[in-house]
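Just so it is clear, A, B, C and D label the chains in written order, and each chain counts residues from 1 on its own.
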Amino acid sequence: MDLLEYQGKQLFARHGVPVPSGKPARTVEEAVAAAEEIGYPVAVKAQVQIGGRGKLGGIKLANNAEEAREHAGAILGMDIRGLTVYELWIEGASQIESEYYASVVFDRSNKAPLVMLSTKGGMDIEAVAEEDPDAIAHLHVDPLLGFQDFHGRELAFNAGVAPDVVRPIGALLKQLYNVFVDEEATLVEVNPVIVTPERGVRALDAKVTLDNNSFFRHKDNAELRDLSAEDPQERMAKERGLTYVKLDGNIGILGNGAGLVMSTLDVVKLAGGDAANFLDAGGGSKAEAITSAVEVILANPNVTAVLFNIFGGITRCDEVARGLITAFDQIKPSVPFVVRLDGTNDEEGRKLLAEAKLPNVYTEATMDGAAAKVVELAGQSKTSA
Amino acid sequence: MDLLEYQGKQLFARHGVPVPSGKPARTVEEAVAAAEEIGYPVAVKAQVQIGGRGKLGGIKLANNAEEAREHAGAILGMDIRGLTVYELWIEGASQIESEYYASVVFDRSNKAPLVMLSTKGGMDIEAVAEEDPDAIAHLHVDPLLGFQDFHGRELAFNAGVAPDVVRPIGALLKQLYNVFVDEEATLVEVNPVIVTPERGVRALDAKVTLDNNSFFRHKDNAELRDLSAEDPQERMAKERGLTYVKLDGNIGILGNGAGLVMSTLDVVKLAGGDAANFLDAGGGSKAEAITSAVEVILANPNVTAVLFNIFGGITRCDEVARGLITAFDQIKPSVPFVVRLDGTNDEEGRKLLAEAKLPNVYTEATMDGAAAKVVELAGQSKTSA
Amino acid sequence: MSILIDENTRLVTAGITGSEGKFHTLRNRDYGTNVVAGVTPGKGGQEVEGIPVFNTYAEAVEKQGANTAMVFVPPPFAADSILEAEDAGIELIIAITEGIPAHDELRAYATIKKNGRSRLIGPNCPGILSPGKANVGIIPAAFFKPGNVGVVSRSGTLTYQIGNVLAQEGFGNSSIVGIGGDPVPGTDFVDAVKLFQEDPQTELIVLSGEIGGDAEEKAAEYIAEHVTKPVVAYIAGFSAPPGKTMGHAGAIVSGSSGGAEGKAAALEAKGVKVGKTPTQVAELAIQLLGAAA
Amino acid sequence: MSILIDENTRLVTAGITGSEGKFHTLRNRDYGTNVVAGVTPGKGGQEVEGIPVFNTYAEAVEKQGANTAMVFVPPPFAADSILEAEDAGIELIIAITEGIPAHDELRAYATIKKNGRSRLIGPNCPGILSPGKANVGIIPAAFFKPGNVGVVSRSGTLTYQIGNVLAQEGFGNSSIVGIGGDPVPGTDFVDAVKLFQEDPQTELIVLSGEIGGDAEEKAAEYIAEHVTKPVVAYIAGFSAPPGKTMGHAGAIVSGSSGGAEGKAAALEAKGVKVGKTPTQVAELAIQLLGAAA
């Protein structure tokens, strides 16, 4: 799960990472009260996960209550690249002498955490990586040993930070690594890390991605929410434990296993259609999960036809068939379904479906055939709608 | 540093190790107040580092204030095998169904922490180890990986603990390992771990040895004291950063390096003498350290002669000579000194000593010769005293 | 021949007393896999349909000579189970469990690598099938028969899909290996391709990848340098929009790298044929092995 | 020949800008050791009597080809310095620092062992002297000359004492290795004895142990099985009362094991002669090498 800036900074503060003092706010009144408490000047910052918020008008400086009120009012409810601003972070304005970049990421390729540091902070780091790769110091950390003081020094010297902040930058990197490990993040990124005129260092932004699989032992983290990023169908799917991503097309997709679902999207595309969603019902899906998934898919009004593509391993096809039958019973869908069942207990599944005689449900033997059929049906529905 | 039972239990409590509730007390009044607060019955426990305190009268059960007063009065000030009881630990009495043994030690031989568990708790574990070694389950922990849940299960199953406490015993072992690592102990031992009638587990005793070298980052631990175990000369030496152990003989010994001092003790013994102390002035001793060491040695009234055995590597013999000269100037010792200087800057050192013409100081060229001489002088002093 | 599992496999299942663990273990045994033990702490001494259950892997190794473990325990306890299997000296550990925390996987992987005595497959994988010899995991074996095509895949269901298409075209398999889609797979494409290259039964290697990470690109490098057998690849996710996470932690398209087009290009640059759909993969296999099939 | 250090040693000192580090580095250089660099974070670019100082070991390796490190930094930072040296690929790390926390030593040792690219001597040791070739550490070299006796010792000053007695009897040394008295020595008796056995210059091995631990007992086992050269041993602490800690963390007599009598008996049972004093050690050496000396 990707955290909002202020959620990341609150995590940082708990681990001793130096951050400016600040408070979250959901109303103009809360924002002004926060600004009064913190003291002016303050930055009024839109809490949405969009790079370059500042340039898009999502960050404004307020020197007094009037300005705080004005900016909070302007930013709350604003649409930034499709995301609505529901929350603000009001924080004491910082004086900046230098801007650095620091991050800890999960490097799948090396199967180790990768720590990066650059003196080219405050700008698009991907552009820096492309134009001047040597400007970013890299270091892999042995996950069993953990981050050592010498790692911090080596990164600081290699990145060429100012000599007088080698130690505090090293300490900051160690703290960010602690956040990464203790909070079970897969990404901790700060851009910029600033050096103040008093030669202190501070995390001025925070981008943290937590590992959802770790939430069973991080109850507090599991409670964090980003209202701006939550699509209603995606939220519904999440509550039901389904992996659902909304897409732009009109063909609802359900499959088991991320790879197969992605492949299904590709095959539908090649057949001339466009998927309305990615939905992985997961391994071992039971009938209720399938019923639930059908509800989520049909909650998207763009859907004009649905494709079930199941190849059962841990998933049993008879369970899928039962789930679909229940869904038809409860929801009585108005769009056509194309169903392809293969794998564990496929014969039982197909038999159950045949016996149920569901209206407007077509079974197909192959994935390619199923894709062609659903594209055809979706086109007809669209036309007839 | 070896902790008293109550100091160990307070550390345990901070790491979630289940311990009976208790309070320390240094007076009868404090003891009674603690007992009243905890509720009867309570155990009144002498805080000295002697195995088998209970059998020696150092642990008594009190059922009411009168008994608490009586026992506290009897135990405070008591002498248990040469140690005076200055502190009590008053703790709620526990009901015991089973007694186990658990420990984490620093195993030098395998260069890894060793965790041990036995169902033969509440008795002399060294005797168990000798008579029935299979009764103790052993497991080395990879220090980079740390203690895993399966380690706890494996130990519990191998030791044959009651099936219903496999999980809590595993959890307790993990917590003890955390104490070991987080507090930088070299020994954490609990004998007994008890199983209560409610099938809970609890550490009923605590034996913890902390690594003095780690105190720079464990300020709280560095403050812990065991008044009963502190010999005045040993305390004096500790305050001065010297490694000093008081022994039973009459020949004061100073050397540089633990190995050389031990060897000196041996050679003096072979020459027919008995050392009054072990004193390692350490590597790189400066003049002040030497002066300081002489004060510590002479603070022991049994000393009738002193042997300096220095072979300089990092220690410079001229510094040792200067320290001795200053010591003579300040303390004006009445006992004879035998000095053997070899190694780094030995010529300068010997020259300084010769020029200083200290009274009653004999230089010898070899360790064997120096030992023979000091034994001779110590005998004469003793006779003349 | 086949790779990783065969007639010499002596399987112990962790989590055998759970419903899924039991279901698939018995299915594996029905297929012919030599299932020698189960492990469930606290249930030592019980039996599951004649399979003895132990409290620890160490006992399963000592008493039953287990050499292969299948991990079916829930995510919070799975890494611990993998580490226990490693500690007990199990040579091959196949972790089916999905949803293990990434940092747990990292520590388990690093420990296995450090000690160098075990190989881990997965986690979050369907297991391995060596048709006609042994099946460990959840691959539906009925679709596959012995043959000369080795399959390695990041995705479980895609593995079945591709294997099935190949089977319909008359191809059989030496082994089918699901390496899983998690951030830290114990065995990656390079490892599996190396094993297939060394396996005399395997004459064609099918590699089924997906968007995210750079495992396919690394495999392309390795194949160019070390593999003499023909390789056909499939990459899922051509139509995935950038920046969306789709199930597998691996399936994240980040910037320019990790995309399906880039992976396909990297493989084709090294002489590996890439199919756009599972069906195309089978067609490519026919082209390359037509005479042999 | 000699062991561990010689003419090919290229030394970097960590903590060269401290007074002790500087004093002994210059002394080592005066003896003939090839000192190529110093490391002090933040003082990169400076020089100490012509020796260039760098911010990191990595730079000292890259720019000066350092292959041996001497660690002279204070205890709170010493393990970090050792780990940095290991990370930079330094082959031989000699840690003089006394008072490093035991858990720090444990992690450093475990990491060095895991990666298998460096050897650690110490910590809390006097270093190594290969007379006539190189001196790294604080051993007073003036007392020793080249010869055929290899010395390995847990105690620094005892090393000098024994070496000195041998020198007075006319013996020279191949190498003198102080392995240190800390709980987790990077190199132990067995490692050092193995190196001396393989070193053609060494004809007699002197092993100087002390009470505590079981390193001497393990060495006795190893010597019986693998060492053909004569070995003379010395054990300090015959007169130590049980249960008292005397300086070295190692020197703890716990119950029946770790005592001097037991160690001497273990060594003698394997054919190793044991002296009761440093002088007796020299006498035993004369008996064994009399003709050769």
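Heads up, the rule we're going with is that contacts are C-beta pairs under 8 Å (C-beta built on N, C-alpha and C of every residue); 3 or more make two chains touch, one makes a residue touch a chain.
From a predicted model like this one, the values you see are computed outputs, not experimental measurements.
Considering the contact criterion stated above, the chains in touch with chain A and with chain D alike are B.
Interface comparison, B-D versus B-C: the pair with the greater number of contacting C-beta pairs is B-D. Chain centres here are Cα averages; for chain A and chain C they lie 27 Å apart. Our note on geometry: chain B versus chain C, Cα centroid distance of 55 Å, whole angstroms. Between the CA-based centres of chain C and chain D the separation comes to 49 Å, rounded to the whole angstrom.
The set of chain B residues that touch two or more partner chains comprises 142, 144-145.
Residues of chain D found to touch two or more other chains are 107, 111, 114. Taken as a graph of touching chains, this assembly has some other topology, since it is neither a line, a ring, a star nor fully connected.
By the definition given earlier, chain contacts exist for A-B, A-C, A-D, B-C, B-D. Listing the residues of chain A that touch chain C in their complex gives 106, 108-109, 111-113, 126, 142-144, 181, 184, 186, 211, 213-214, 216-217, 243, 245, 247-248, 255-263, 265-270, 275, 278, 280, 282-284, 311-315, 342-344, 366-368. Every residue of chain C that touches chain A in the complex is listed here, in rising order: 20, 24, 75-76, 96, 98-103, 106-107, 109-111, 114, 126, 138-140, 143, 153-161, 164, 181, 183-184, 208, 210-215, 218, 234, 236-241, 244-251, 255, 276-279.
Per the touch definition, chain C reaches chain B in the complex via residues 41-42, 44, 55-56, 58, 77, 80-81, 83-84, 87, 107, 111, 114. Put simply, chain A touches chain B in their complex at residues 144-145.
Note for the complex: chain B touches chain C at residues 142, 144-145, 148-150, 153-154, 157, 163, 166.
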